[in-house]
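Labels run A, B, C, D, E and F following the written order; every chain starts at residue 1.
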Amino acid sequence: MAALHIVNSSSERRTALDNCLRAASRGDTVLLIGNGVYWAVAPMFAGIAKRASDTVWCVLATDVKSRGIGTLLSTQVQQIDDGAFVDLVASHHPVVSWS
Amino acid sequence: MNFAIAIHGDAATSESPRLALRFARAAIAKGHRIHRVFFYHAGVSVANSLVVQPQGEADTAAEWAAFAKEHGVELAVCVAAALRRGVLGQDDATRYERAVANVNPVFQIVGLGQMIEAAISADRFVTFCA
Amino acid sequence: MTPRRILFVISHAPQRGALALEMLDELLVGAVFEQEVSALFIDEGVFQLVDSGDTQGNVARGYRALPTYDVSEVFVDADSLKKRGLAVDSLAIPVRALTRGGVRKLVAGQDVVVPD
Amino acid sequence: MNFAIAIHGDAATSESPRLALRFARAAIAKGHRIHRVFFYHAGVSVANSLVVQPQGEADTAAEWAAFAKEHGVELAVCVAAALRRGVLGQDDATRYERAVANVNPVFQIVGLGQMIEAAISADRFVTFCA
Amino acid sequence: MTPRRILFVISHAPQRGALALEMLDELLVGAVFEQEVSALFIDEGVFQLVDSGDTQGNVARGYRALPTYDVSEVFVDADSLKKRGLAVDSLAIPVRALTRGGVRKLVAGQDVVVPD
Amino acid sequence: MAALHIVNSSSERRTALDNCLRAASRGDTVLLIGNGVYWAVAPMFAGIAKRASDTVWCVLATDVKSRGIGTLLSTQVQQIDDGAFVDLVASHHPVVSWS
């Protein structure tokens, strides 16, 4: 089963994302939550897209909306609701959070 | 499925207690169970009953307490992490000669073994980092 | 005493709960001391001026009050905006964008710098 | 010279309360004065009298209190930041109907204006970030 | 129940007060549950295995106890070491250095991953 | 008077150092304290040395010693004691901390 990686910090703590990308395998999913969603802003995502090409990228829609950055997002990142977050956890193994 | 949740972020400045609450609500709504919610590191601050939330701001600690009561979910706080951060149960206050206790009684004060137990007996263990 | 030049530097993303609101409080309190107060948004801090329209926990709405306070000027680091696909006119309040040289000059000319 | 110091880091996990204490000691040793030490953001946790420090670990809060007494230095805690983090004086506990107060009485609970006042009236204002 | 594979990932520098010590506590408690426990030091986390010789607040001394606990193996990310001018034999305990591929395989094979 | 810049976080929060370097003027001093001293480890410092060439670099000796990294430091960074930290604050203006 593919792993789910969760990142909840923005480029202020970029090592969370760097370590995540280092440990993620092809076909894994990376979910950006909380301030992690700022990584999905198009020019920010462009900076990591090369290393991110073989993983699936999702962001929590609630967190995107509360930050007012919906129009800035990369099209390569999928917005999901909290219920879909639960589904991702259930359908992936292991679930890995990066701090 | 049976989920265990760990929360590492503090109540005042981290979003992780709220992110975890949203996850827990969505999990229950989908028919899953929550084995235990474990507050570790700065997360223990969620159990501090002396916090005064400014008006107009969400009170995530109160929402966690209400959620736990409604769905019978265990909220566990690591005793060692709580002592370091000044969150004391009555037993701790007596043992360490502090005048007062301040833990919200909805939270169980437990040892770290309860986190490992939750992590290995649940189907999925999800950590919400600071 | 001659007024002192105080610069508040906002470099972190909002939604870290209290931290963003506490910085805004500092700035508003600073503005009543009849000093020369200004603010610089840099790095992820520029996101604090993006107004989501939310009524709760939306610090950008708080910053909308700034023009009515005695704050000399609000600056943003131009490169930080560009890196995030943001433009000056998409922000909640009027700001002046600074080049790198402008940021250096601004900081060098302060008496007090308050970080977030 | 006359220094003002701000501390933003928490007692349990940040080094900044200790870094600031070392700076303050060195400043006094060099004949400087310290106008005020202002605890803001998570720094207010240094004033929480319920913290139980594990044996063998340095108790920075106690060292700050002793330093302040010895050298007559004012330790100020921001009231708004303290309320959010569950650090209450007796007045706050009464006003917000909490059963207990937990602030270490060596610390003055003050408004944010005291920080700005310190920053502009001191010769140097040094912040120890989280 | 078959033993579960638990990996503790240490990615932060020490001297953040309690955090490093609390992670070590978790690891030591995890080791008594008769599961398959291992640890990975990555990024600034590799500095946690540098022993300064200090008696207080020195988490590397705590990690020295690890070999006497039931921990299957301790891994470090080789690139993280190299970036900091550290070598495997300068660390407080015996570790196995992993390439990037090794890190991926290690993480993918776990049941539970505990971050710091 | 030249400014003193203080950085107390390591590469985990590299934006603190990035913002510092962005705002520092020629002749300013950058003082690394707490976990900031990890930036002075030779290969880490080599990564920032180009942007750091027109500023003076210091680290607190106590923080270097407590981390056991004395032998790893770049020769371009000067170790100072807490008293010299006080002297730096007194002889620079403004004093700027980066978070």
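By our rule, a residue touches a chain if its C-beta (ideal position, glycine included) is under 8 Å from a C-beta of that chain, and two chains touch if they have at least 3 such contacts.
Predicted model only: the values in this text are computed from it and were never measured.
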Message = Under the document's definition of touching, what chains do subunit E and subunit F have as common neighbours?
response = A, D
Query = What chain is the most remote from subunit C, judged by the mean position of CA atoms in each chain?
reply = E
Task = Examine where the copies subunit A and subunit F touch and state whether the two sides share over half of their residue numbers (same) or under half (different).
result = same
Most extensive contact between chains (C-beta pair count) = B-D
Inquiry  = Which chain has its C-alpha centroid farthest away from the centroid of subunit D?
reply    = A
Key: subunit D-subunit E separation of Cα centroids, rounded to whole Å   = 34
Message = Between subunit B and subunit D, what distance separates the C-alpha centroids? Give it in angstrom.
response = 27
Task = Please report how many Å separate the Cα centroid of subunit A from that of subunit B, as a whole number.
result = 25
Query = So which bits of subunit A are touching at least two other chains?
reply = 11-12, 15-16, 34-35, 63, 93, 95, 97-99
Note = Residue numbers in subunit E touching two or more further chains are 12, 15-16, 18-19, 43-44, 57, 111-112, 115
Query = Counting only residues that touch at least 2 other chains, which ones in subunit D make the list?
reply = 8, 11-13, 15, 41, 80, 84, 125, 127, 129
Query = If you go through all the chains, which pairs of them touch?
reply = A-B, A-C, A-E, A-F, B-C, B-D, B-E, C-D, C-F, D-E, D-F, E-F
Inquiry  = Which residues of subunit B touch subunit E once you look at their complex with the stated criterion?
reply    = 6, 8, 40-41, 80-81, 84, 111-113, 115-117, 119-121, 125, 127, 129
Query = Can you list the subunit B residues touching subunit A in their complex?
reply = 1, 3, 8, 15-16, 19, 22-23, 25-27, 29-30, 32, 123-130
Request  = Could you pull out which subunit A residues touch subunit E in their complex?
outcome  = 3, 15-16, 18-19, 22-25, 28, 93-99
Message = Give the list of subunit E residues in touch with subunit A in this complex.
response = 9, 11-12, 42-44, 77, 100, 103-105, 107-108, 110-113, 115-116
Key: In the complex, subunit C residues that touch subunit B   = 15-19, 56-57
